[in-house]
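Let me begin by handing over the structure; questions about it come next.
Note that the chains are named A, B, C, D, E and F in the order they appear, and that numbering of residues resets to 1 at the start of each chain.
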């Protein structure tokens, strides 16, 4: 994998390790948003979507599910903060 | 990850460890709701959604699925309460 | 996690351990239904939904998926009954 | 868990162990169908659904996904037939 | 599990082991298609569906998701080709 | 698995190992897109879909979910970059 192929202008995911479960949950949210942003990098389009999206319960459940999946990864990385 | 980036005004997820499976399931429900709340923090909007949402069977199945995914994480953290 | 926060009037999930895979599958069904019931505790509303729901193939597939996810957890807890 | 709570009139899932991956995939299909059947036990209703269901590509993808999830469980139980 | 119950006329999944990640991804695609084919064995019906299906972005995302789930299984079986 | 069955004209997935979590996330995106491309190889059709797709919030959430699932695989392969 070359640098040119995967530009890393900003370092947003230096590590999956967090101090505690709550920070891990926040990281899972960040990862979920990044997954959206990589598909639609235009922030104006994303903001336009927001009113409709964030008031639809099924959309919110779907968002919560992506967070749950990413949190599984973060939690495993941290050995569940045991 | 800086504190300013991830505000932790309230500690809602101090640990994934629970006394038994039932408390673990409750924690999974809490996590699922938090995933929604982080996307739509306005409680009034959420409450407005509730009547339509909670009487639609497919929405309820979707909610149950997010709980199931979060419960996988909690159960693994507790070594399945074996 | 305080008791007041998570009422445990009835003990419905004392353990994830079951005697065999089939009982484990039944437990996964119970867990899936609980996920629904915690979101909509009114049994009358749930019963009203049932006719439409249980005759729609996509809804049934979605229900089967939640069971499959919960069964993953139960099976792991039982070390796959090996 | 009492017998009365979980009737076991027929033994359809005696074990997750199969001779090879292909039999394991078949078992995953059986489990996926059972998840549907437990929610809608009336075979006539299920058969009525079939024409519409089995000719809709998104429904077929959804069915394939449930099989994939169940196969994850079966494959892990068999230590991936290594 | 009897042979009569699970016909094995053709051997399409002799093993989950592949030479490398790329072959593993191809196997995951094959498994995803098999999940569809077992639900709708009539190839003519499947081909009829294809034009509508393969030009709908959400259907394509759903297909990609099933592949991702099956690839999790194949990757674990191969100890991630480490 | 024969070469003729799985053409490998281009090597796009030589390894699941990446230098760090961020490159792993990029790989998960690549895998998610490949899952789409294998189902619809015609790039013109894919590009036609893009405007509608990338401005629909639910489609973006679904895309983020596939990335999350693939990232689980990549993260496990890299032992979570611990």
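What we mean here is this: a residue touches a chain if its C-beta (ideal position, glycine included) is under 8 Å from a C-beta of that chain, and two chains touch if they have at least 3 such contacts.
What you are looking at is a predicted structure, and each value in this text was computed from that prediction instead of being measured.
Asker: Considering only chains that satisfy the touch condition with subunit A, which of them also satisfy it with subunit B?
Answerer: Joint contacts: the list comes back empty.
Asker: List the interface residue numbers of subunit B and of subunit C, divide the shared ones by all numbers used, and answer same when the ratio is over half, different when under half.
Answerer: The interface of subunit B with subunit C is built from mostly unshared positions.
Asker: Taking each chain's centre as the mean of its C-alpha atoms, which one ends up farthest from the centre of subunit B?
Answerer: Between subunit B and every other chain, the largest centroid distance is to E.
Asker: Using only Cα atoms, superpose subunit A on subunit C and state the rotation angle in degrees, rounded to the nearest 5.
Answerer: When the C-alpha atoms are superposed, subunit A turns by 120 degrees onto subunit C.
Asker: With centres defined as the mean C-alpha position, give me the subunit C-subunit D separation in Å.
Answerer: That gives a centre separation of 16 Å.
Asker: From the mean C-alpha coordinate of subunit B to that of subunit D, what's the distance rounded to whole Å?
Answerer: About 28 Å, centre to centre.
Asker: Counting only Cα atoms for the centres, state how far subunit C is from subunit F in Å.
Answerer: Result: the chain centres lie 32 Å from each other.
Asker: Can you list the subunit D residues in contact with two or more other chains?
Answerer: 58, 62-63, 65, 69, 72, 76
Asker: Could you classify the connectivity of these chains, where an edge means two chains touch, as line, ring, star, complete or other?
Answerer: It is a ring, because the chains touch in a row that closes back on itself.
Asker: Please output the residues of subunit E touching subunit D within their complex, sorted ascending.
Answerer: Going by the criterion above, the answer is residues 1, 5-6, 8, 11-17, 31-36, 38-40, 45-46, 48-50, 52-53, 58-59, 62-63, 65-66, 69-70, 72-73, 76-77.
Asker: Tell me, which parts of subunit D touch subunit E in their complex?
Answerer: Spelled out, the residues of subunit D in touch with subunit E are 18-23, 25-27, 29, 54-58, 60-65, 67-69, 71-72, 75-76, 80-82.
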